[in-house]
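For reference, the structures are reproduced in the following blocks.
Two complexes, one shared chain (subunit A), two partners (subunit B, subunit C).
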Partner chain A sequence: MDLKLDHHTRDGIEVVDVEGEIDVYTAPRLRELLIELVNNGHYQLVVNMEKVEFLDSTGLGVLVGGLKRVRAHDGSLDLVCTQERILKIFRITGLTKVFGIHDTVDEAITARKSEK
Partner chain B sequence: MRAHMRRAEESIVDVEFCLVFPHEALSVPVMRRVLGDTLRRLGADEEGVSDLLLAVTEACTNVLKHGPPGPRYEVVARIGQRGCLIQVLNDERGLDSLLVPAPRRPMWDAVHAPGRFRRRAGGGAIRRTPRPGGRWRPAGEPLTEDQVIAMLPESGRGLAIMRACVDDVTLSSGPGLGTVVSLEKRMAWRDDAPLLEGQLRNAG
Partner chain C sequence: MATVEMSFTPLPVHVRTARLVATAVARRSGVEEALLDEVRLAVGEACSRAVEAHQAHCPAEPVRIELTGGNGRFEVVVMDAAEAEEDETAGGEAAPPAGWPSDGNGVANGAGAPAGSAALPQHGLGLAVIAGLADDVQFSRTPGGLSIRMSWPSGGVS
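Coming up: the complex of A and B.
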(Lines of atoms letter the chains of each structure in order from A and count residues from 1; the text may use other names and numbers.)
(Lines give C-alpha, C1' and ligand atoms only; values in the text may rest on other atoms or scores of the structure.)
Protein backbone atom coordinates (compact mmCIF):
# COMPACT_ATOMS: atom_id res chain seq x y z
CA MET A 1 0.00 0.00 0.00
CA ASP A 2 1.44 3.29 -1.10
CA LEU A 3 0.13 6.68 0.00
CA LYS A 4 -3.15 8.19 -1.14
CA LEU A 5 -3.86 11.85 -0.43
CA ASP A 6 -7.08 13.77 -0.84
CA HIS A 7 -8.38 17.04 0.51
CA HIS A 8 -11.58 19.04 0.67
CA THR A 9 -12.90 22.11 2.42
CA ARG A 10 -15.49 21.77 5.16
CA ASP A 11 -16.82 24.63 7.24
CA GLY A 12 -13.86 26.74 6.17
CA ILE A 13 -11.40 24.10 7.34
CA GLU A 14 -9.27 22.09 4.95
CA VAL A 15 -9.57 18.37 5.65
CA VAL A 16 -6.70 16.23 4.37
CA ASP A 17 -7.49 12.52 4.06
CA VAL A 18 -4.39 10.35 4.27
CA GLU A 19 -4.50 6.66 3.38
CA GLY A 20 -1.67 4.14 3.40
CA GLU A 21 1.89 4.35 4.62
CA ILE A 22 3.80 7.48 5.60
CA ASP A 23 7.53 6.87 5.60
CA VAL A 24 10.71 8.15 3.98
CA TYR A 25 9.43 6.98 0.59
CA THR A 26 6.03 8.68 0.68
CA ALA A 27 6.43 11.53 3.19
CA PRO A 28 7.70 14.04 0.60
CA ARG A 29 4.28 13.94 -1.09
CA LEU A 30 2.48 14.74 2.15
CA ARG A 31 4.99 17.52 2.88
CA GLU A 32 4.40 19.02 -0.58
CA LEU A 33 0.63 18.91 -0.15
CA LEU A 34 0.76 20.65 3.23
CA ILE A 35 3.07 23.34 1.84
CA GLU A 36 0.79 23.81 -1.15
CA LEU A 37 -2.27 24.21 1.06
CA VAL A 38 -0.56 26.80 3.24
CA ASN A 39 0.73 28.64 0.19
CA ASN A 40 -2.86 28.75 -1.06
CA GLY A 41 -4.03 30.37 2.14
CA HIS A 42 -5.39 27.35 4.00
CA TYR A 43 -4.23 27.82 7.58
CA GLN A 44 -6.85 25.71 9.36
CA LEU A 45 -6.05 22.07 8.65
CA VAL A 46 -7.41 18.75 9.88
CA VAL A 47 -5.36 15.72 8.88
CA ASN A 48 -7.51 12.60 8.93
CA MET A 49 -5.24 9.64 9.71
CA GLU A 50 -7.90 6.99 10.23
CA LYS A 51 -6.74 5.09 7.15
CA VAL A 52 -3.02 5.44 7.82
CA GLU A 53 -1.48 1.99 8.03
CA PHE A 54 2.03 3.03 8.93
CA LEU A 55 3.66 6.14 10.36
CA ASP A 56 7.29 6.70 11.38
CA SER A 57 9.50 9.56 12.55
CA THR A 58 9.77 10.91 9.02
CA GLY A 59 5.99 11.22 8.91
CA LEU A 60 5.97 12.86 12.33
CA GLY A 61 8.52 15.36 11.05
CA VAL A 62 6.26 16.28 8.16
CA LEU A 63 3.30 16.82 10.50
CA VAL A 64 5.43 18.94 12.84
CA GLY A 65 6.64 20.93 9.84
CA GLY A 66 3.03 21.46 8.75
CA LEU A 67 2.04 22.56 12.23
CA LYS A 68 4.86 25.10 12.33
CA ARG A 69 3.84 26.48 8.96
CA VAL A 70 0.19 27.01 9.84
CA ARG A 71 1.05 28.43 13.24
CA ALA A 72 3.21 31.02 11.56
CA HIS A 73 -0.09 32.26 10.09
CA ASP A 74 -1.92 31.87 13.39
CA GLY A 75 -3.55 28.74 12.02
CA SER A 76 -4.02 25.20 13.32
CA LEU A 77 -3.31 21.60 12.40
CA ASP A 78 -5.42 19.01 14.16
CA LEU A 79 -5.30 15.26 13.72
CA VAL A 80 -7.97 12.59 13.58
CA CYS A 81 -6.75 9.23 14.79
CA THR A 82 -8.12 6.41 16.92
CA GLN A 83 -5.68 3.67 15.94
CA GLU A 84 -3.67 2.60 18.93
CA ARG A 85 -0.54 1.66 16.99
CA ILE A 86 -0.41 5.15 15.45
CA LEU A 87 -1.28 7.01 18.66
CA LYS A 88 1.51 5.13 20.40
CA ILE A 89 4.08 6.84 18.18
CA PHE A 90 2.80 10.26 19.18
CA ARG A 91 2.98 9.24 22.83
CA ILE A 92 6.54 7.90 22.57
CA THR A 93 7.72 11.19 21.13
CA GLY A 94 5.69 13.46 23.40
CA LEU A 95 3.74 14.89 20.48
CA THR A 96 0.31 14.15 21.96
CA LYS A 97 0.83 17.42 23.82
CA VAL A 98 1.47 19.35 20.65
CA PHE A 99 -1.30 18.16 18.36
CA GLY A 100 -4.98 18.17 19.05
CA ILE A 101 -5.92 14.54 18.38
CA HIS A 102 -9.58 13.75 17.82
CA ASP A 103 -11.72 10.67 17.25
CA THR A 104 -13.60 11.97 14.22
CA VAL A 105 -13.33 14.74 11.63
CA ASP A 106 -16.59 16.19 12.97
CA GLU A 107 -15.16 16.36 16.45
CA ALA A 108 -11.97 18.01 15.21
CA ILE A 109 -13.93 20.66 13.30
CA THR A 110 -16.31 21.32 16.18
CA ALA A 111 -13.41 21.66 18.61
CA ARG A 112 -11.60 24.06 16.31
CA LYS A 113 -14.72 26.15 15.71
CA SER A 114 -15.46 26.44 19.41
CA GLU A 115 -11.93 27.60 20.13
CA LYS A 116 -12.24 30.57 17.82
CA MET B 1 17.70 -12.70 -0.82
CA ARG B 2 19.11 -15.91 0.52
CA ALA B 3 17.31 -17.78 3.24
CA HIS B 4 18.53 -20.56 5.44
CA MET B 5 16.44 -22.96 7.43
CA ARG B 6 18.48 -24.48 10.16
CA ARG B 7 18.20 -27.62 12.17
CA ALA B 8 17.23 -27.17 15.79
CA GLU B 9 20.45 -28.62 17.01
CA GLU B 10 22.47 -26.09 15.09
CA SER B 11 20.94 -22.91 16.38
CA ILE B 12 17.94 -21.34 17.99
CA VAL B 13 17.60 -19.36 14.78
CA ASP B 14 14.99 -20.89 12.51
CA VAL B 15 14.97 -18.44 9.65
CA GLU B 16 17.74 -16.15 8.57
CA PHE B 17 17.92 -13.87 5.58
CA CYS B 18 19.80 -10.89 4.28
CA LEU B 19 18.36 -8.12 2.14
CA VAL B 20 20.80 -5.96 0.21
CA PHE B 21 19.42 -2.63 -0.93
CA PRO B 22 20.62 0.41 -2.84
CA HIS B 23 20.39 3.67 -0.90
CA GLU B 24 16.90 4.36 -2.21
CA ALA B 25 13.82 5.28 -0.20
CA LEU B 26 11.79 2.54 -1.88
CA SER B 27 13.93 -0.01 -0.04
CA VAL B 28 12.20 0.85 3.24
CA PRO B 29 8.62 -0.17 2.36
CA VAL B 30 10.05 -3.18 0.49
CA MET B 31 11.96 -4.23 3.62
CA ARG B 32 8.77 -3.92 5.66
CA ARG B 33 6.88 -6.07 3.21
CA VAL B 34 9.48 -8.86 3.19
CA LEU B 35 10.12 -8.88 6.93
CA GLY B 36 6.47 -8.38 7.86
CA ASP B 37 5.15 -11.07 5.53
CA THR B 38 7.80 -13.50 6.77
CA LEU B 39 6.99 -12.92 10.44
CA ARG B 40 3.23 -13.07 9.91
CA ARG B 41 3.51 -16.26 7.90
CA LEU B 42 5.54 -17.80 10.69
CA GLY B 43 2.79 -16.85 13.12
CA ALA B 44 4.19 -13.86 14.97
CA ASP B 45 1.86 -11.77 17.10
CA GLU B 46 0.71 -8.71 15.14
CA GLU B 47 1.61 -6.11 17.74
CA GLY B 48 5.17 -7.40 17.92
CA VAL B 49 5.45 -7.37 14.14
CA SER B 50 4.17 -3.82 13.99
CA ASP B 51 6.65 -2.59 16.61
CA LEU B 52 9.56 -4.37 15.01
CA LEU B 53 8.78 -3.03 11.53
CA LEU B 54 8.64 0.49 12.92
CA ALA B 55 12.01 0.12 14.65
CA VAL B 56 13.70 -1.37 11.57
CA THR B 57 12.17 1.36 9.42
CA GLU B 58 13.81 3.95 11.65
CA ALA B 59 17.19 2.21 11.40
CA CYS B 60 16.98 1.97 7.59
CA THR B 61 15.76 5.55 7.25
CA ASN B 62 18.73 6.72 9.23
CA VAL B 63 21.07 5.00 6.80
CA LEU B 64 19.31 6.66 3.87
CA LYS B 65 19.19 10.13 5.38
CA HIS B 66 22.56 10.31 7.04
CA GLY B 67 24.69 7.48 5.78
CA PRO B 68 27.32 7.93 3.12
CA PRO B 69 26.27 7.54 -0.49
CA GLY B 70 27.70 4.04 -0.60
CA PRO B 71 26.28 1.65 -3.11
CA ARG B 72 24.40 -0.66 -0.77
CA TYR B 73 23.23 -1.31 2.74
CA GLU B 74 22.12 -4.58 4.30
CA VAL B 75 19.33 -5.75 6.53
CA VAL B 76 20.11 -9.08 8.19
CA ALA B 77 17.24 -10.83 9.95
CA ARG B 78 17.50 -13.76 12.34
CA ILE B 79 14.21 -15.16 13.55
CA GLY B 80 13.71 -17.83 16.17
CA GLN B 81 11.09 -18.83 18.70
CA ARG B 82 12.58 -16.59 21.31
CA GLY B 83 12.61 -13.55 19.13
CA CYS B 84 14.31 -11.60 16.40
CA LEU B 85 17.65 -9.99 15.87
CA ILE B 86 17.64 -7.50 13.02
CA GLN B 87 20.83 -5.76 12.01
CA VAL B 88 21.08 -2.86 9.63
CA LEU B 89 24.60 -2.57 8.29
CA ASN B 90 26.12 0.30 6.42
CA ASP B 91 29.61 0.72 5.11
CA GLU B 92 30.88 3.89 6.63
CA ARG B 93 29.91 6.53 9.13
CA GLY B 94 26.26 7.15 9.68
CA LEU B 95 25.37 7.09 13.34
CA ASP B 96 25.87 10.77 13.97
CA SER B 97 22.26 11.67 13.54
CA LEU B 98 21.16 9.01 16.01
CA LEU B 99 23.29 10.55 18.67
CA VAL B 100 21.54 13.89 18.44
CA PRO B 101 20.05 14.68 21.85
CA ALA B 102 16.48 13.53 22.40
CA PRO B 103 13.70 16.11 22.11
CA ARG B 104 14.03 18.64 24.89
CA ARG B 105 11.59 17.08 27.31
CA PRO B 106 12.03 19.61 30.11
CA MET B 107 10.33 22.08 27.82
CA TRP B 108 7.05 20.44 28.64
CA ASP B 109 7.44 21.22 32.32
CA ALA B 110 6.83 24.83 31.45
CA VAL B 111 3.31 24.18 30.28
CA HIS B 112 1.37 22.34 32.89
CA ALA B 113 -1.92 21.24 31.50
CA PRO B 114 -3.17 17.68 31.39
CA GLY B 115 -3.05 16.41 27.87
CA ARG B 116 -2.66 19.11 25.30
CA PHE B 117 -1.37 22.39 26.60
CA ARG B 118 -3.29 25.62 26.47
CA ARG B 119 -2.64 28.56 24.27
CA ARG B 120 -1.64 30.74 27.19
CA ALA B 121 -0.15 28.65 29.91
CA GLY B 122 -0.46 30.72 33.03
CA GLY B 123 0.83 29.91 36.47
CA GLY B 124 4.20 30.09 38.00
CA ALA B 125 6.11 27.22 36.49
CA ILE B 126 9.77 28.05 36.47
CA ARG B 127 11.68 27.00 33.46
CA ARG B 128 15.30 26.32 33.96
CA THR B 129 17.57 26.56 31.00
CA PRO B 130 21.24 25.70 31.01
CA ARG B 131 23.60 28.54 30.40
CA PRO B 132 26.47 27.92 28.04
CA GLY B 133 28.65 27.52 31.09
CA GLY B 134 26.44 24.77 32.44
CA ARG B 135 24.79 26.70 35.28
CA TRP B 136 21.05 26.71 35.62
CA ARG B 137 18.89 29.73 35.94
CA PRO B 138 15.18 30.23 36.36
CA ALA B 139 13.67 31.75 33.27
CA GLY B 140 11.31 34.64 33.65
CA GLU B 141 8.25 33.43 31.82
CA PRO B 142 7.05 29.97 30.85
CA LEU B 143 7.21 29.31 27.17
CA THR B 144 4.08 30.02 25.22
CA GLU B 145 2.60 27.35 23.00
CA ASP B 146 3.81 29.20 19.92
CA GLN B 147 7.36 29.31 21.25
CA VAL B 148 7.31 25.62 22.07
CA ILE B 149 6.04 24.73 18.61
CA ALA B 150 8.56 27.00 16.91
CA MET B 151 11.34 25.13 18.73
CA LEU B 152 10.12 21.65 17.86
CA PRO B 153 12.61 19.72 15.76
CA GLU B 154 11.35 18.04 12.61
CA SER B 155 13.78 15.15 12.93
CA GLY B 156 15.78 13.31 15.58
CA ARG B 157 12.99 11.08 16.96
CA GLY B 158 14.16 7.83 15.39
CA LEU B 159 16.26 6.53 18.24
CA ALA B 160 13.54 7.16 20.83
CA ILE B 161 11.08 5.25 18.68
CA MET B 162 13.52 2.36 18.21
CA ARG B 163 14.13 2.12 21.94
CA ALA B 164 10.42 2.11 22.69
CA CYS B 165 9.61 -0.58 20.13
CA VAL B 166 12.25 -3.26 20.75
CA ASP B 167 13.93 -4.74 23.81
CA ASP B 168 17.48 -3.78 22.94
CA VAL B 169 19.07 -1.27 20.58
CA THR B 170 22.81 -1.38 20.00
CA LEU B 171 24.69 1.09 17.87
CA SER B 172 28.20 0.23 16.89
CA SER B 173 30.55 2.09 14.67
CA GLY B 174 34.25 2.32 14.09
CA PRO B 175 36.82 3.43 11.57
CA GLY B 176 36.79 0.96 8.73
CA LEU B 177 34.13 -1.14 10.41
CA GLY B 178 31.12 0.66 9.12
CA THR B 179 28.05 1.08 11.26
CA VAL B 180 25.64 -1.49 12.60
CA VAL B 181 22.32 -0.90 14.29
CA SER B 182 21.23 -4.07 16.09
CA LEU B 183 17.63 -4.44 17.18
CA GLU B 184 16.61 -7.32 19.41
CA LYS B 185 13.03 -8.12 20.22
CA ARG B 186 11.37 -10.99 22.04
CA MET B 187 8.43 -12.16 20.00
CA ALA B 188 5.07 -13.60 20.96
CA TRP B 189 3.61 -16.23 18.64
CA ARG B 190 0.08 -17.27 17.90
CA ASP B 191 -0.88 -20.63 19.36
CA ASP B 192 -1.03 -22.16 15.89
CA ALA B 193 2.14 -20.46 14.68
CA PRO B 194 3.94 -22.62 12.12
CA LEU B 195 7.24 -21.62 13.68
CA LEU B 196 6.21 -23.22 16.97
CA GLU B 197 5.14 -26.41 15.28
CA GLY B 198 8.70 -27.06 14.28
CA GLN B 199 7.95 -27.36 10.60
CA LEU B 200 11.07 -25.51 9.67
CA ARG B 201 13.23 -27.62 11.91
CA ASN B 202 12.06 -30.86 10.37
CA ALA B 203 12.49 -29.53 6.90
CA GLY B 204 16.25 -29.82 7.05
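Coming up: the complex of A and C.
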Protein backbone atom coordinates (compact mmCIF):
# COMPACT_ATOMS: atom_id res chain seq x y z
CA MET A 1 0.00 0.00 0.00
CA ASP A 2 1.15 3.56 -0.71
CA LEU A 3 1.00 6.31 1.88
CA LYS A 4 -2.16 8.13 2.90
CA LEU A 5 -1.91 11.31 4.97
CA ASP A 6 -4.54 13.37 6.70
CA HIS A 7 -4.53 15.91 9.49
CA HIS A 8 -6.93 17.78 11.72
CA THR A 9 -6.81 20.05 14.76
CA ARG A 10 -7.90 18.89 18.19
CA ASP A 11 -7.60 20.95 21.33
CA GLY A 12 -5.05 23.17 19.62
CA ILE A 13 -2.89 20.20 18.66
CA GLU A 14 -2.47 19.09 15.07
CA VAL A 15 -3.07 15.39 14.68
CA VAL A 16 -1.50 13.77 11.63
CA ASP A 17 -3.05 10.46 10.63
CA VAL A 18 -0.72 8.23 8.65
CA GLU A 19 -1.82 5.11 6.83
CA GLY A 20 0.26 2.73 4.74
CA GLU A 21 3.97 2.31 4.31
CA ILE A 22 6.60 4.89 5.19
CA ASP A 23 9.79 4.09 3.30
CA VAL A 24 12.42 5.72 1.11
CA TYR A 25 9.81 6.29 -1.61
CA THR A 26 6.88 7.61 0.42
CA ALA A 27 8.66 9.30 3.34
CA PRO A 28 9.27 12.57 1.43
CA ARG A 29 5.52 13.19 1.38
CA LEU A 30 5.33 12.93 5.16
CA ARG A 31 8.34 15.19 5.42
CA GLU A 32 6.69 17.80 3.21
CA LEU A 33 3.52 17.69 5.28
CA LEU A 34 5.38 18.13 8.57
CA ILE A 35 7.31 21.06 7.09
CA GLU A 36 4.09 22.60 5.82
CA LEU A 37 2.41 22.27 9.21
CA VAL A 38 5.31 23.90 11.01
CA ASN A 39 5.48 26.68 8.42
CA ASN A 40 1.77 27.27 9.06
CA GLY A 41 2.40 27.72 12.76
CA HIS A 42 1.50 24.25 14.06
CA TYR A 43 4.17 23.46 16.62
CA GLN A 44 2.29 20.89 18.72
CA LEU A 45 1.99 17.74 16.64
CA VAL A 46 0.73 14.22 17.26
CA VAL A 47 1.51 11.66 14.57
CA ASN A 48 -0.91 8.77 14.69
CA MET A 49 0.85 5.67 13.36
CA GLU A 50 -1.73 3.05 14.25
CA LYS A 51 -2.43 2.37 10.59
CA VAL A 52 1.19 2.38 9.50
CA GLU A 53 2.09 -0.99 8.01
CA PHE A 54 5.80 -0.39 7.47
CA LEU A 55 8.36 2.09 8.77
CA ASP A 56 12.07 2.16 7.94
CA SER A 57 14.99 4.38 8.86
CA THR A 58 14.04 6.91 6.19
CA GLY A 59 10.73 7.34 7.98
CA LEU A 60 12.51 7.61 11.31
CA GLY A 61 14.68 10.33 9.84
CA VAL A 62 11.60 12.26 8.76
CA LEU A 63 10.10 11.99 12.23
CA VAL A 64 13.36 13.09 13.82
CA GLY A 65 13.51 16.00 11.40
CA GLY A 66 9.96 16.95 12.33
CA LEU A 67 10.83 16.78 16.01
CA LYS A 68 13.79 19.08 15.49
CA ARG A 69 11.67 21.59 13.61
CA VAL A 70 8.94 21.85 16.24
CA ARG A 71 11.47 21.97 19.06
CA ALA A 72 13.03 25.00 17.39
CA HIS A 73 9.72 26.69 18.23
CA ASP A 74 9.46 25.11 21.71
CA GLY A 75 6.93 22.73 20.28
CA SER A 76 6.42 18.98 20.50
CA LEU A 77 5.94 15.95 18.30
CA ASP A 78 4.43 12.89 19.93
CA LEU A 79 3.61 9.54 18.39
CA VAL A 80 0.70 7.16 18.74
CA CYS A 81 1.71 3.56 18.15
CA THR A 82 0.91 0.23 19.74
CA GLN A 83 2.11 -2.03 16.93
CA GLU A 84 5.09 -4.02 18.11
CA ARG A 85 6.50 -4.44 14.59
CA ILE A 86 6.65 -0.64 14.23
CA LEU A 87 7.87 -0.04 17.77
CA LYS A 88 10.71 -2.44 17.15
CA ILE A 89 12.63 -0.07 14.91
CA PHE A 90 12.28 2.68 17.53
CA ARG A 91 13.74 0.33 20.14
CA ILE A 92 16.61 -0.82 17.92
CA THR A 93 17.64 2.77 17.24
CA GLY A 94 17.07 4.00 20.78
CA LEU A 95 14.46 6.48 19.63
CA THR A 96 11.95 5.32 22.24
CA LYS A 97 13.95 7.56 24.55
CA VAL A 98 13.50 10.55 22.29
CA PHE A 99 9.86 10.43 21.26
CA GLY A 100 6.81 10.39 23.49
CA ILE A 101 4.97 7.29 22.30
CA HIS A 102 1.37 6.79 23.39
CA ASP A 103 -1.34 4.20 22.97
CA THR A 104 -4.06 6.54 21.73
CA VAL A 105 -4.44 10.03 20.32
CA ASP A 106 -6.47 10.99 23.41
CA GLU A 107 -3.65 9.90 25.63
CA ALA A 108 -1.08 11.82 23.59
CA ILE A 109 -3.13 15.01 23.68
CA THR A 110 -3.82 14.67 27.39
CA ALA A 111 -0.15 14.09 28.14
CA ARG A 112 0.89 17.13 26.11
CA LYS A 113 -1.78 19.34 27.65
CA SER A 114 -0.82 18.33 31.16
CA GLU A 115 2.73 19.54 30.57
CA LYS A 116 1.58 23.04 29.86
CA MET B 1 23.32 -20.82 -7.05
CA ALA B 2 20.88 -18.36 -5.55
CA THR B 3 17.23 -19.32 -5.27
CA VAL B 4 16.26 -15.96 -6.71
CA GLU B 5 18.44 -13.30 -8.27
CA MET B 6 17.06 -9.87 -8.90
CA SER B 7 18.32 -6.55 -10.15
CA PHE B 8 16.41 -3.32 -10.26
CA THR B 9 16.82 0.25 -11.42
CA PRO B 10 18.09 2.28 -8.46
CA LEU B 11 14.91 4.19 -7.78
CA PRO B 12 13.14 4.44 -4.41
CA VAL B 13 9.89 3.18 -5.91
CA HIS B 14 11.43 -0.25 -6.52
CA VAL B 15 12.62 -0.84 -2.97
CA ARG B 16 9.16 -2.02 -1.96
CA THR B 17 9.21 -4.59 -4.75
CA ALA B 18 12.52 -5.91 -3.47
CA ARG B 19 11.08 -6.15 0.05
CA LEU B 20 8.06 -8.07 -1.14
CA VAL B 21 10.10 -10.53 -3.21
CA ALA B 22 12.55 -11.14 -0.37
CA THR B 23 9.71 -11.74 2.09
CA ALA B 24 8.01 -14.15 -0.30
CA VAL B 25 11.20 -16.16 -0.84
CA ALA B 26 11.92 -16.13 2.90
CA ARG B 27 8.47 -17.49 3.66
CA ARG B 28 8.87 -20.19 1.02
CA SER B 29 12.27 -21.06 2.46
CA GLY B 30 10.72 -21.75 5.84
CA VAL B 31 11.65 -18.63 7.77
CA GLU B 32 9.35 -18.31 10.78
CA GLU B 33 6.44 -15.92 10.37
CA ALA B 34 7.65 -13.92 13.37
CA LEU B 35 10.94 -13.19 11.58
CA LEU B 36 9.47 -12.12 8.26
CA ASP B 37 8.95 -8.52 9.40
CA GLU B 38 12.64 -8.41 10.28
CA VAL B 39 13.59 -9.78 6.88
CA ARG B 40 11.38 -7.22 5.17
CA LEU B 41 12.79 -4.31 7.14
CA ALA B 42 16.44 -5.35 6.88
CA VAL B 43 16.24 -5.98 3.14
CA GLY B 44 14.43 -2.69 2.68
CA GLU B 45 17.14 -0.85 4.58
CA ALA B 46 19.93 -2.45 2.58
CA CYS B 47 18.18 -1.74 -0.71
CA SER B 48 17.38 1.85 0.27
CA ARG B 49 21.01 2.43 1.11
CA ALA B 50 22.12 0.90 -2.19
CA VAL B 51 19.62 3.02 -4.14
CA GLU B 52 20.87 6.21 -2.53
CA ALA B 53 24.47 5.22 -3.20
CA HIS B 54 23.70 4.48 -6.85
CA GLN B 55 21.84 7.73 -7.34
CA ALA B 56 24.89 9.57 -6.06
CA HIS B 57 27.52 7.63 -8.00
CA CYS B 58 26.11 5.37 -10.71
CA PRO B 59 22.44 5.98 -11.48
CA ALA B 60 22.58 3.88 -14.64
CA GLU B 61 23.68 0.73 -12.81
CA PRO B 62 21.16 -1.65 -11.27
CA VAL B 63 21.18 -2.77 -7.65
CA ARG B 64 21.55 -6.54 -7.38
CA ILE B 65 20.08 -8.93 -4.87
CA GLU B 66 20.61 -12.63 -4.34
CA LEU B 67 18.18 -14.61 -2.21
CA THR B 68 19.17 -18.11 -1.17
CA GLY B 69 17.26 -20.59 0.96
CA GLY B 70 18.51 -23.94 2.10
CA ASN B 71 20.53 -25.82 4.70
CA GLY B 72 18.67 -24.21 7.53
CA ARG B 73 19.43 -20.61 6.55
CA PHE B 74 17.82 -17.96 4.42
CA GLU B 75 20.44 -15.59 3.07
CA VAL B 76 20.11 -12.24 1.35
CA VAL B 77 22.96 -10.42 -0.34
CA VAL B 78 22.41 -6.85 -1.51
CA MET B 79 25.16 -5.59 -3.77
CA ASP B 80 25.71 -2.06 -4.98
CA ALA B 81 28.10 -0.80 -7.60
CA ALA B 82 28.75 2.58 -6.03
CA GLU B 83 32.25 3.70 -5.16
CA ALA B 84 33.25 3.83 -1.50
CA GLU B 85 32.20 7.01 0.24
CA GLU B 86 34.60 8.71 2.66
CA ASP B 87 32.00 9.58 5.21
CA GLU B 88 28.47 8.21 5.23
CA THR B 89 27.59 9.54 8.66
CA ALA B 90 24.00 10.66 8.52
CA GLY B 91 23.59 14.37 8.94
CA GLY B 92 21.13 17.09 8.16
CA GLU B 93 17.57 15.85 8.16
CA ALA B 94 18.31 12.61 9.94
CA ALA B 95 20.80 13.99 12.46
CA PRO B 96 19.41 13.20 15.88
CA PRO B 97 18.35 15.95 18.26
CA ALA B 98 20.37 16.60 21.38
CA GLY B 99 20.09 13.82 23.89
CA TRP B 100 19.55 11.04 21.33
CA PRO B 101 21.44 8.00 22.65
CA SER B 102 24.34 7.06 20.42
CA ASP B 103 27.87 5.83 20.68
CA GLY B 104 29.18 9.05 19.23
CA ASN B 105 29.58 7.60 15.75
CA GLY B 106 25.99 7.98 14.66
CA VAL B 107 25.02 4.40 15.50
CA ALA B 108 22.34 3.86 18.11
CA ASN B 109 23.16 2.09 21.33
CA GLY B 110 21.84 -1.40 21.43
CA ALA B 111 22.42 -2.12 17.76
CA GLY B 112 25.97 -3.31 18.25
CA ALA B 113 28.73 -3.11 15.69
CA PRO B 114 28.08 -4.90 12.43
CA ALA B 115 30.11 -8.06 11.98
CA GLY B 116 33.15 -7.53 9.79
CA SER B 117 32.77 -3.80 10.11
CA ALA B 118 36.45 -2.88 10.22
CA ALA B 119 37.08 0.27 8.19
CA LEU B 120 33.38 0.56 7.24
CA PRO B 121 31.73 3.93 7.00
CA GLN B 122 29.05 4.67 9.54
CA HIS B 123 25.74 5.23 7.80
CA GLY B 124 23.48 6.43 10.55
CA LEU B 125 20.25 4.69 11.15
CA GLY B 126 20.14 2.30 8.17
CA LEU B 127 23.10 0.10 8.99
CA ALA B 128 22.27 0.20 12.69
CA VAL B 129 18.81 -1.14 11.92
CA ILE B 130 20.22 -3.93 9.74
CA ALA B 131 22.72 -4.92 12.42
CA GLY B 132 19.95 -4.97 14.99
CA LEU B 133 17.61 -7.11 12.94
CA ALA B 134 19.51 -9.74 11.00
CA ASP B 135 20.65 -12.84 12.75
CA ASP B 136 23.99 -12.68 10.98
CA VAL B 137 25.30 -9.69 9.04
CA GLN B 138 28.46 -9.18 7.04
CA PHE B 139 29.45 -5.98 5.29
CA SER B 140 32.09 -6.35 2.60
CA ARG B 141 33.82 -3.88 0.35
CA THR B 142 34.05 -5.23 -3.17
CA PRO B 143 35.98 -3.67 -6.05
CA GLY B 144 32.68 -2.31 -7.28
CA GLY B 145 30.95 -1.26 -4.12
CA LEU B 146 29.45 -2.58 -0.91
CA SER B 147 27.95 -6.02 -0.34
CA ILE B 148 25.62 -6.58 2.60
CA ARG B 149 25.03 -10.24 3.47
CA MET B 150 22.28 -11.06 5.94
CA SER B 151 20.83 -14.36 7.02
CA TRP B 152 18.15 -15.81 9.23
CA PRO B 153 17.38 -19.34 10.38
CA SER B 154 14.91 -21.23 8.22
CA GLY B 155 13.14 -24.46 8.72
CA GLY B 156 12.77 -25.60 5.14
CA VAL B 157 15.02 -26.53 2.25
CA SER B 158 14.19 -24.87 -1.06
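One rule holds for everything that comes next: the second predicted complex is superposed on the first by the 116 of 116 C-alpha atoms of A that agree within 3 Å, B and C clash if a C-alpha of one lies under 4 Å from a C-alpha of the other, contacts with A are read in each partner's own complex, and residues count from 1 in each chain.
The criterion applied here is as follows: contacts are C-beta pairs under 8 Å (C-beta built on N, C-alpha and C of every residue); 3 or more make two chains touch, one makes a residue touch a chain.
Not measured: the values here are computed from a predicted model.
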| item | value |
| --- | --- |
| Clash or fit, subunit B versus subunit C on superposed subunit A | clash |
| Partner chain(s) touched by A:L87 [first = subunit B, second = subunit C, both, neither] | neither |
| Partner chain in contact with A:K97 - subunit B first, subunit C second, else both or neither | both |
| Which of subunit B and subunit C A:R71 touches, first, second, both or neither | both |
| Subunit B versus subunit C as contact partner of A:D23, first or second or both or neither | both |
| First (subunit B), second (subunit C), both or neither touched by A:L60 | both |
| Segment of subunit B that clashes with subunit C, given the candidates 26-34, 116-124 or 134-142 | 26-34 |
| Contact residues of subunit A, present in both the subunit B and the subunit C interface | 21, 23-25, 54, 56-58, 60-62, 64-65, 67-68, 71, 85, 89, 92-94, 97-98 |
| Of subunit C, residues touching subunit A in the complex | 12-13, 15-16, 19, 37-38, 40-41, 44-45, 48, 51-52, 90, 93-97, 99-102, 108-111, 124-126, 128-129, 132-133 |
| Complex contacts: residues of subunit A adjacent to subunit B | 2, 21, 23-26, 54, 56-58, 60-62, 64-65, 67-68, 71, 85, 89, 92-94, 96-101 |
| Residue numbers on subunit B that touch subunit A, as the complex places them | 25-26, 28-29, 32, 47, 50, 53-54, 57-58, 60-61, 64-65, 103, 105, 108, 111, 115-117, 146, 148-150, 152-158, 160-161, 164-165 |
| Sites on subunit A touched by subunit C in the complex | 21, 23-25, 31, 54, 56-58, 60-62, 64-65, 67-68, 71, 85, 88-89, 91-95, 97-98 |
